[in-house]
Structures are given as C-alpha cells and as structure tokens.
C-alpha cells in the first residue's frame, strides 16, 4: 500500500520534476499555488497522463516506467481519485455512482449496491441513496465522491483540492470528516491543495510545490516553523495549538487556554488559527472577541508586503499585520502587546 | 427632438411587422392545405391501394434508413468528435455534403456509383445480378444518404460538449473502454441521440428528389408518400392533398416529439 | 448636396424603368409557351427561327402536358400551350381556358434501348422479358403507352413509372434499364440511344395540338407563333426531328 514515484513532465513552458514517497496509511500533502503542477502530478499517478520520463510504483507494482515502455492504463491501476468537482455521474443515482467501481470489476448489481449502502452509512449519507447528484449539496457530493473512490479499496487514494468547492462553513466540518476517514485508511494518500489549512490538518507530511519543483518537504509543523522560502512562509504559518477541550474552553498542552465556539467538543483537540485573524493591540482590547491574551513580542519578520509578529507564549502565537500597523503601534522586540481573536475564527479538530 | 424611452418588453413596431409577415409566410400555405383537404373523403382516399402501399413503404423505408443512420452515424460521430485522425475536416465536409447538395443531384450521384453501370454498381450487377435502382433497397439507400448527416452532426455536437472527464472518472474506477461507452458516454448523450434520430427519420420520410432519381417510381416497391403525392398531383388532386396531410401530420408529430430539445442545442 | 444628387439618380432610374415597361402593351415583346416535354429540342429550334424572323421573343416551359394543363388552370402566366395528345387539351377547351386549337404534328411511339442494346430487344414481345421503364399512365405518353400495350396484348412489369417521357429517356441513356417506351422523336438522332421500331398496325399516334391561352395579353403574338408552327419552315424542322404531319 505504498507509493514511490519519480516524475518528469514538460508542457510548453511548464516543467515538472518531482519525487514522491508515501508509506501505507500515510497522507502526503502536495501544497502549492495554481499552475504549480499539482493536478498534473495526480493525473500522472492515476494514469490519465503520461510523464515524459519517470517511474511510478504502487505497492510494489510498477505501473509506469517510461524507460521500459510500461504504462498501465487507469482502469487497471489500484487507484481511487476524488476530483475537485467530484464528477459524480449525473445520470445515475447516488447509490449507483458509489456502486460503479464494484460493478465495473464484475460484481453483481445486488452485491455492489449492498456494499455501496454500507459505505453511505459509514459516511452518514445513507438517506441520499436514491437521489441524483444534481440534488446534493456540496458537502454531500463530496462524501459521495469519497465513498465512490474508496469502495474499491485502492492501494493509492488521490484527492484533488477536496475542499475547494465547498463554502467556508461546510469546509471545516468536511475537513474534520476527511481527517477521520483518512486516519482509518490503510493505503497511501496524496492530497493536493492550495489551502495550507488542509495540509496542516490532514497531511502527515507536506511537499511544497512551486513552479514544478519541490521547494520544501517535511512534517506540517516543520514546514510551518522553518519555511524555506518567502512563498512557503506566506503559504503556511498557521497557528496550530494542541489541547483538551471542555465546555468551550481548550486547555492548551503548552499552557494557556483558548475559547472556542463549539461547546459540544470535548477531549483532545487541535486548534487552528490563521495569523491574519489575530489583532494586535497596545492595551487590553474591548469588543466581542472572546480570546484575549497578554504577551510580549518575540520577533518581527517582513514577509512580502506584510509583517509577521511572533509573540512569546503561552500560547506562542503568530499574527500578521501591515507595516503601517507596526509603525502605528511602535512595535519592537520585547514590546508588551495584547492579542485578540474571535472564537468563531478558530477551527477545532478532534486530535 | 424629444427623447422617449421604450420599455424593453415592448416589441418595436418594425420587428413586429416583419415577424408577423414571417409567421404568415410559413402558416398560410399550411392553412391553405388544411382548408382544401377533403376531410370527409379522407378515410376512403387513404384506404386506396396506392395510398396504403405508399404509407406502408414510407414507414418501412424511413425506419430502416434511420436504423442504418444510427448504426453507421454514431461511430462516425465518435470518430469526428474524439478520434485523432488526420483529415477530419474532409470527413466532416463529406458528412455535411448531403445537407447542402440538392437531393436530385444526390440521386444522380448515387446512380453513378450504384447504378447498373456505376462505379460499384456494375460489379453488383455483373457478379450478383443485383440492381439497387428500382428496388426498395435503393429507396432505403437514398433516404439514408440524406438523413445520416442530421444524426452525425447532432451526436458529434453532443459528444464534443460532453465532459470527457466523466469518462476519466469512470476509468479510474476500473471501467474498461466498452463499459465506459455503454454506461457513461452513450447515456450522457442520450437526449441528443434521440433528437438526431427523430430528425433523421423526418428527413428520410420526406425525401423525394434522390428517391425518384435513383430508385424510380413504382407503387408498392419504390413509390413512397412524397412520390405518390407528386404522381397524383395532376390527375387526382384530392388524393394528393390527402397524402400531403398525412406527411404534414407526421412532421407535426416530429416537432412535438422534439419540443425545444433540438432547437436549444441538443446537448444533455 | 449629396442627398439631392442621390434623389435625382433614383428619380431617373425609376423613370427609365417605367418608360421601358410602357413598351409592353402595343408592340409585342415576349411570348411564353408551355409545351410538352417531347417537344423540347425541336420547339427550341423553331422558336429561335421565329424570333429571328419576327423579332418576337419566345420563352418555353417544358413539362408533361397534364402538368401544364394544371398550371393553366391555376392561372399561370402562359400565353400558349403546345400539348402532346388531346387528353390534356380537351378539358381546357370545354372550360374555355384556351382558344384557337390547331393540330400541328403527330408522333408515334418507339422502343428506346441503350447503346449496344444490352437486353437484345428486337421487338415488342421482348418487353415482357427485359427491364422496362414507361411513363405514368396519367401523363400523355403514358396514355399512349397503355393504349399500345393493350393493342399489342402485352403484359409487362415495368420497374418504374416516370412522371414524364424525358425521365424515361434519361434512365435508358444511363443504361439503367434494358428498354423504355418513348416517342419516336425522343430516340431520333440521340447519341446513347437506339430505336427499335414498333409495327404501324399496333402503334399509337399522338396528335400534337397548339392553342392560345384565354386572357393572355400576348394573344396576337401567340397566335402568330401557332400559325408559324404550321408553316413550311417549322414543319420541315418537325419532320427532320421525327414528327409526322398533322392529320
């Protein structure tokens, strides 16, 4: 259930050169802007495109080897693909969509539909079985697409921007659901996204792609802490805090606490907070923000047009503000500051 | 000079007038036909041997020609829309030719190809004693010749506008090429295929010039409805009108079956 | 300045159109004749001779006589009618749609075979054996053919019934059939076609008639043309084309 791939591809001015290794049960996040070659990589892994040169090995089976002329077609590879816009077959019901993979491999209609129904139940969408894709919401369609891809138990699961088509509200809950199912999944997963939050929450390892090349690889925390380039730094840098949630308050492992909006959440959690959502003040701020912390500036770092302000913990947070704001507040290393963030700006995930 | 604004919903007078003329131009001949129809004699006129022969023959030949158009036309449309063949422009021009070619010219061309002394026809005649002109098979050929482009063009359009990524998704799920065609590609172009079939059938039913030039005119063998109308025109006008009304009814049925589907573009 | 010049140009143009069309009543300029298909070649030649002599332009519309009769009934702008046979002319006379009916030629039938006579047709009896094309029985040449077949006591199975004699000839010339029954004039002097004669005792003679269409505004010119048809020059051309003399 492993993936080992080396790909080289040129299309016009664009050149892609990438090496990927993913162990079974692990999720690799491919992070990068549009046009960096992420989708092309997935298509090559699936067999929908062929690289100019490269080798792809899925669980010990060489499905692509340009030097030996081996190119196994997609229908023969053990690959599941969840497309960015789901591509649910519009003329088939949900249950037939999910059953499609099994029926294509020779299962009878009854067997395939029974399996499909079990998967729909696992994803809490059993009641949608006879609906058509056009009648589904984004979040529901996403789950159907996932079920459809997983039902054949592929060795490799490919997810192309799985949350991009969802609205902000649905995104967090589906991200949570995806995290749960990926944790249970035994195969290798390659997840492609432009949203650092997805990589941070869902991936065990992250590869940052820029202009067709990997500019950095490592665990999400490593990449966030030591970005190799300005781009990476701007891309990642989400505050990730671990703690224990009780009644809307998360006691952080490293000290301090955080107030969250979801009062029902309990147990070990990860709290994600974007630096852009943190406000920096010289005095105790008034207002509706439920989270207020007093702290001291640890470092100021210019990141492109903005400035990243890191403060001492607990909690050790990073905020991003404009240079003008830095000037107004007369910020410097060691300055006393107050930080505030709204509970609704925090995303909480079961750890 | 005073400025007046016209609310958008009101049709400007010149457009309205021209549109009314257009409607009249199209409707008045049909109204004329319906008014001169001998409604009381219609049943007996249509029950005459000539009429029954023509009706039966038209039905059989037009349906067979449509079936041939589907059998050959769908793969042809697939090649035009998906295959990487060189000379696609030439193929498409060939397919569109019967649409713009005057039907009589089409008939002459068929004669030169499949007649007793034709390019292919001479071998059919000399080796097998088969003569396509003057046979019902000849009628079917002439009708298929003019009807096929409708089917090919409609289906090609649908295949082009259909998202090929559905087929990719099916492939990643393990579907072999035949399964993809059967369960994904064809169902997705179903509405367009139906529209193309209905149009092809209507065209085959109404074909005259190519039929009379290539297949000839013999009641029961090659005299289809349009040919029967033409034959009756100078001698038994009421019979000609009766048969014309049948064709008119068939055309109206076609339009009702299609409703807006083809006129809107035919894609699913 | 430009506007007035344009207006002047339009006025001059319309004036000249009006002036030229004024010439049509009084001095005859053009006669339209509906004529049987079998007269196509010979009448075209006679027509151009007539125009050379009299200065009157002639336009022909060739079709099956029955079709032309229908057109006249529907009020088509024909000035004269030259029909094959009396079947189409007769009703028009009783309906008073034509005047001055005159016989001007006769025609008989013949068997036409493709060059080389692939069917080996030597006489009428062979027609029961080979592939045959004839006119529809409602058109004049069809009427004559039916009469001929009755007289000769023949039962044939034609492969096609054509709407006019030219179509019959066309299929024979194309070598699509072994034989066709056409007028003698259609087979005379035509490349690609050979004529197998029919004995006089069974042959059917068709009388060709010409008449002026009632209500035509070219009646005088039309009558002049019909008189010319009976004249020596026209009759000479008719004879060499294979037509017989008027009865």
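The first chain written gets the first letter, and so on, giving A, B and C; residue counts start at 1 in each chain.
Here is the rule we use: contacts are C-beta pairs under 8 Å (C-beta built on N, C-alpha and C of every residue); 3 or more make two chains touch, one makes a residue touch a chain.
Computed from a predicted model, the values in this text were never measured in an experiment.
Viewed as a network of touching protein chains, the structure reduces to a simple linear path.
With centres computed from CA atoms alone, B is the chain lying nearest the middle of all the protein shown.
One finds 54 Å separating the Cα centroids of subunit A and subunit B.
Centre-to-centre separation of subunit B and subunit C, using mean CA positions: 35 Å. Taking each chain's centre as the mean of its C-alpha atoms, subunit A lies 87 Å from subunit C. Shown for subunit A are the residues that touch two or more other chains, of which there are none.
Considering their complex, residues 111, 115-117, 131, 133-134, 212, 216-219, 221-223, 230-231, 233-235 of subunit B touch subunit C. Within the complex, the subunit B residues that touch subunit A are 163, 165-166, 168-177, 179, 183-184, 187-188, 190, 268. Subunit C contributes residues 64, 66-67, 69-70, 131, 133, 136, 138-139, 158-163, 171, 174-177 to its touches with subunit B in the complex. Contact residues of subunit A toward subunit B in the complex are 46-48, 73-77, 79-81, 83, 87, 89-91, 100-101, 104-105, 148-149, 152.
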